[in-house]
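This is the structure, below, for whatever I ask next.
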Amino acid sequence: AAVAHAQGGLIALVHTQAAGDAGPVDSMIAKLKQLAEEKGLEHRAIYAQDPATYETIFRTLGDAGAAVVVSTFNEVAEPFKAVAPSYPDTKWIQLFGDPFEPAIPNVVTVSYDYYLGCYLSGIFAGRISKTGKIGFIGGISIPPLNADFNALKAGVLSVRPDATVTAAFAGSFQDPAKGQEIATQMFSDGIDYIQTDAAATDFGIIAAANEGPGRYVSALDPAQFKLGPKSLISIVGLDFGVSLYNEATKAVDGDWTGGSHVNTGLGTGVIEFMLSPLFQDEGDPDMVARSKEVWAEIEKAKAGILDGSIEVPFNTTL
Amino acid sequence: MSGQLGAIIRAVVFILLALAACGVIFEFAGYSAFQMFHSIVDGAFLRRNALEHALRWALPLFITATGVVISFRAGYFNIGAQGQFYVGAICAAFVAEWLRGYPGGVVIPLCFAAGMTGGALWALWPGLLRLRSGADEVITTLMGNFLAGLLLVYVTAGPLKDPSGSGQQASSRPLEAAYRISTSNGVSPTIIGIAILVGLAMWWLVNRTAFGVLSGLGGRNPTMVQWQGASTWKIGLASFLISGALAGLAGTIELMGPNGRLAGGFLPAHGFTAVLIALVAGLSITGAAIAAFFFGGLASAALYLPVMAGLPSAAIDIVNASIALFITARSRLVDTLTKAWRRPWKTS
Amino acid sequence: MRGNDDAILACRNVAVRYGDVTALDDVSIAFPRGMIHAVVGQNGAGKTTFARVVSGLVRPDQGAVEIGGKLIAGGNVNDARRAGVELVHQSFALPPSFTVAEAMQFGAAGGALYTRAALERRWQAHLDALDVKVSAGARIRTLTVEQQQAVEIARALVTDARLLILDEPTAVLSPEGAKKLFERVRRLKERGVTVLLILHKIREVLAIADTVSVLRGGRLIDGPLPASDIDADALASLIIGPSAKMLAGEDRAALTGAAAPRGAETETGPIAGPPVVSLRGVSTRPDADGPALQAVDFVVQPGEIVGIAGVEGNGQRTLVRAISSLADIAEGSLELAGRDVTNATLSQRRAAGLRVIPFERNVEGLSLTSPLWENWSAGQLLARPLLAAISPSALRRECKSALDAWDVRYAEVGQPAGSLSGGNAQKVILSREMDESGKLIIAAQPTRGLDIGATAFVWDALRKARDGGCGVIFVSSDLDEVFDLADRVVVMLSGRIVAEFRPPFDLTRVGAAMTGARA
Amino acid sequence: MEDVVIAILRSGTPLVYVTLAGVIAQRAGVWHLGLEGLMITGACATIVGIVLTGSVVFALLVAVLICIAGSVLFWFVVEKLKANQIIAGLGLTGLGLGGTSLAIQSIFGSQAAISAPFGLPRLGAAFGAYGVLSVLVLVMPVVVFLCWVLLCRTRFGLRLAASGEHPFAARSVGVDPSAMRLAALVIGGALCALAGAELAAGSLQIFSQNMTAGRGFMGFAAVIFGAGHPLWATLAALFFAVVGALGIRAQLVFGDRVPHDLLLGLPYIATIFGVWLSARLRGGAKSATGGFGELRDS
């Protein structure tokens, strides 16, 4: 009933990972709020932690007459396919998903090649690591994270065949203490560069890096820069928020092409491997210099990926 | 039964108390308690297809809860329904995957058999540890839940992973349509039939067999049935196995019915809600049917709350938790008020 | 009644009600200091309740209690303890995992922080001073009943107790142990402690008490009367009241412990034929539940009641458990009605004719929160396969007729067993355990806590079973009762059968056998 | 070696605090499954307190008070309303997990993790490599010792134990078992607050939802494993910390051959093993038939 009163209708984000990651989910929620305020819409951010409930939530949103429903990851594909046709007046956006076969006219899917960013991070790691030992810490060993790890490893090995790349998982995206424990063990094993992929668990990884010199972390969101001015050297950024804002604006404003698939990522600014500006100012000058040195190589690899001369394998099993 | 009516009234009183407490919390947190109650009632009972929405959650909850009733009556605090539910679903998913292509008439029964066996096996080891060594089943089954959760992650990202598309899903391939026992709305004659069958069978087991009476006696006083010559071992193990099998059955139904695929981390609170239902029902099967329906309504309302009232999902966790906190409470005042419905003798 | 000023304890119009039961009814009494007072009465007369009111554990619904002329707040243990009242419970209140020293310490004042050695030193001195031969470091659960009682008394004396109440302290003791206890009580009296003894047996009252008071049905019948002014017969009449007439002389004596019954020879005697039970060289594996049996040879003929006497905790329980297959037999063989059942389960033994009335009515005998009919039908349900269909309505009917035949007072068969009085609950067990096909009935403490009527009822039932050709094993710590009922008495000590007696029984000799003194 | 000790101390300390809370409750006769909820409340209150007031002492005080309030609520429900301890405890846990999420949502307007500008004081350079640990790590052995003294060497401890083991015995010397349970839960509440504070502010300075991640339940398992004795239970908690550290090590060493999820399950498997072992040591199947009457209500 409350929803019906909103002037411009309802825009909803159904996120399938918990908020509070200082990363994708938080940035999507922030952008959703911003968009809703700009356009005078009612907004809802709903955390659907349980795959069995996705469909019910989508139906409820459809019944409530939502104008736009945004959700994330491939696991909502089946529920979208089941629900979207029954609510033709609602526009459905799936971020980080595969194209639908066949397409549904009121659904837009967006995919990102995040793993390519991890590949670049791998090259960077291979070049700047002193020990030749690289680590990767994920939340849970699920296919997209496995793919990120494999790409990272491929990147490292492409420039430093004798390096080792070790993966570990915290078992939760919300356990910073465990992240800290894992990272501490990795660092004391001689690993000096860790790529994180674990949402709120990242906080612990960065905290562990802050405890000693010569420990570097690459995380995933600009919001994390300030947590490790001397240790957070780079990020593999994926600006979900911007992507959400772009796609949802199209849907609200009407220049929307339903039934389409957008593949975006490296080269479009949505996915970017970037150095932390804070680290450039405050980090170990040697390392800053070194990272500038290897940057050309990163740019080259990026160009190679974009023009197809470098092929990065996509492999979702460990 | 008049005794049970008293118990139900007590449960209702404390659920209302719990909801009132939640209302206060929400007001403090800056949300409208009135809106919350309004949305709960609306979502559970008044909106379009409310009955169907409630049944979708109530049916598997009921089946799991009857299993909990069986083990609690026998005196074993098996709170591992969640893990047994997962393992059941996993086993059924394996069978469905291996036998892909065979006719539904063959595969579906085999899936059910596998699901129930899986659930039973996941209850077997805590049962053995309890009965042979006295290892507390509260902890072992709780740990079993965590382990089953990891197992689910493992199989959905590993052996059973759906390779289609970019292969980024943590879930199994969708089941073949022929193996589905309901559409994604989760209510079908088959599922309702299974639930009724389970209800009748368990009602019969509890109320019309030697096992029912003896396990009830043993649950309240194991020493006494031992002095009567019962093998607490046999009854205990059977209770663990039955409750595990039923949780596994519910997992299978979720898989082959509404979900249609095995997904990582589905229904994480299912087992816990089933425990609440069994307790609210006063460990009776008919009571469990009623309570399951109530909690089914609550579950469907819970999904409605964030949409309609804009409450964060934590709010629903709080509602469930407060109900758990108060549900087993007893109070003189309430007892006095419900005295009219209870029997004359005192049971102290 | 005397004036209150020289009274250590004075009660005025004290009443306690538990629901519909009036445990104490308008009791007014005063006890002079420096004496040994006995309070006697039948089971359920309200003796324990009286003791609890005085010690502050139970708040009286009405009336007041004065200790040494000072009014104490009802239902406040600390107030009563400050006034110098200490109570030794009928069933001991000592946490089993505590050491003796800890059990003393937790009720004591002073020394809030301690070391283990200091604690043990402190309390060992206390124990030694009271001549209690127990190590302060021993765990309560490893102590014998007599030791536990001595510890309880020592615990009660950790403060400067001026009024010590002992609730049925002799119930668990051998005659020898009772004698020692009385000596201890006399010494306490010399030290200026007033002692209130709650007792069951007239013989004991006359042996120790300076005054005696009688409770019946919650009312004070008379007292405190100087013990020298009253004889056993008069006291028995006061205790039993009008129902005394319906009891045979020996039974009456057994109930009140007025004189030790010597057990008349029965005319019938045991029936010839194979024994209903025979144990040959039976030893059990040690477990936490009492001493193991050691090479026990024991036979019961059909048509006889064999009494098992002994201080509690000397293997009577293990014997019953071994025959019921609840204790592991390590050596020897066991036959029931001519069949070897050494390795048989309890349900097989039950099928062979074994019936058991267990020690703890409310724990081993009944599930208090379950309905009567379930309790009643447990035995027969166990004889069927687990998944056998049953008809609750038929079972309820059968149960109803059985309970009616046994004269059980109840409202309906669906009511929980815990809502019955002790006597009626015991009758439910009897109705379950005593059927035509039983060949051996083990009756373990079957009359504990029952009132006169119920006790007599149980005795009659056991006699009837004996006359019908059953063998009966009758375990009781009350020698009077054993002598009255049994055709033969064996005495157990430390897991062995050390003596066997035939009527006429001699209290002194049996008592000596119980403590191991050679008779 | 040093690293290993630091890792174990760091992950073990919150576990030890929460375990001690469980031990005290267990001794008084309460099966405390609400530990997890109190611990997360302590974690949240500490970080939010630091952020809002800028004072660690004040934040700790607030955390302790809130956890004590939660304990009193639990006591009221269990003792006065006679609710089932296990279910009510799980309810308390749910309330803590949900309540903290809701709290940060309504205070900060988002569920984002809250990071504090500083955390608990660290030991500092004087302790060498151990300087990264917080003062609560150093205090931990003291607290363990105090708990041991309190429970095993004072009359209060005896009374507490008697209230759990034999309430009637307690009552008959004038001890009110219900009041003792209140005392036990209040002390336990304070310890849970410290556990949460150490977890969130000991070396992290962050609060994120669900960050206790089952540590409260591990603490409860340590209570059972340690047979309710403060020292044994502390060892059990440290044992779990060791297993956790070994689990990570195993991931780093065998991660490419053995599924990570299996290795992540090691602490749970260790817990099961511990519970089994302690049951064995305490007389095996005997207690299996001990029975707990109607739904284990004590």
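Order of writing sets the chain letters: A, B, C and D. Residues in each chain are counted from 1.
Everything that follows uses one rule, which is that a contact is a pair of C-beta atoms (placed from the backbone, for glycine too) under 8 Å apart; a residue touches a chain by one contact, two chains touch by 3 or more.
Here is each chain with its UniProt name: B, D = ABC transporter permease; C = ATP-binding cassette domain-containing protein.
The shown structure was predicted, so the numbers you read here are calculated from the model rather than taken from an experiment.
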item: Most heavily contacting chain pair (counted by C-beta pairs in contact); value: B-D
item: Distance between the centres, which are taken as Cα means, of subunit D and subunit B, whole angstrom; value: 28
item: Subunit C-subunit D separation of Cα centroids, rounded to whole Å; value: 44
item: Euclidean distance of C-alpha centroids - subunit A vs subunit D, Å; value: 34
item: For subunit A paired with subunit C, centre-to-centre distance based on mean C-alpha positions, whole Å; value: 74
item: Sites on subunit D at which at least two other chains make contact; value: 111, 209, 259, 261, 264, 283, 286, 293-294
item: Per-residue overlap in subunit B, given as positions that touch at least 2 other chains; value: 150, 153-154, 158, 220-221, 223, 226, 312-313
item: Touching two or more other chains - residue numbers and ranges from subunit C; value: 369
item: Listing of all chain pairs that touch each other, if any do; value: A-B, A-D, B-C, B-D, C-D
item: In the complex with subunit A, residue positions of subunit B that touch it; value: 35, 38, 42, 47-48, 53, 56, 150, 153-154, 156-158, 161, 164-171, 174, 184, 254, 258-261, 263-269, 300, 303-304, 306-310, 312-313
item: Subunit D-facing residues of subunit C, complex; value: 55-57, 76-78, 81, 87, 89, 93-98, 102, 105-108, 111-116, 287-288, 369
item: Subunit D - residues contacting subunit B, complex; value: 31, 33, 37, 73, 77, 81-84, 86-88, 90-95, 97-99, 101-103, 105-106, 111, 209, 214, 217, 220-221, 224, 259, 261-262, 264-265, 268-269, 271-272, 275-276, 279-280, 282-296
item: Touch list for subunit A against partner subunit D, complex; value: 18-22, 26, 29-30, 47, 141, 166-169, 171-172, 174-178, 180-182, 184-186, 188-189, 200, 203-204, 207, 211, 227, 318
item: Sites on subunit D touched by subunit A in the complex; value: 3, 6-7, 10-11, 14, 104, 110-113, 115, 132, 199, 203-206, 208-211, 213, 244-245, 248-249, 251-252, 255-256, 259-261, 264
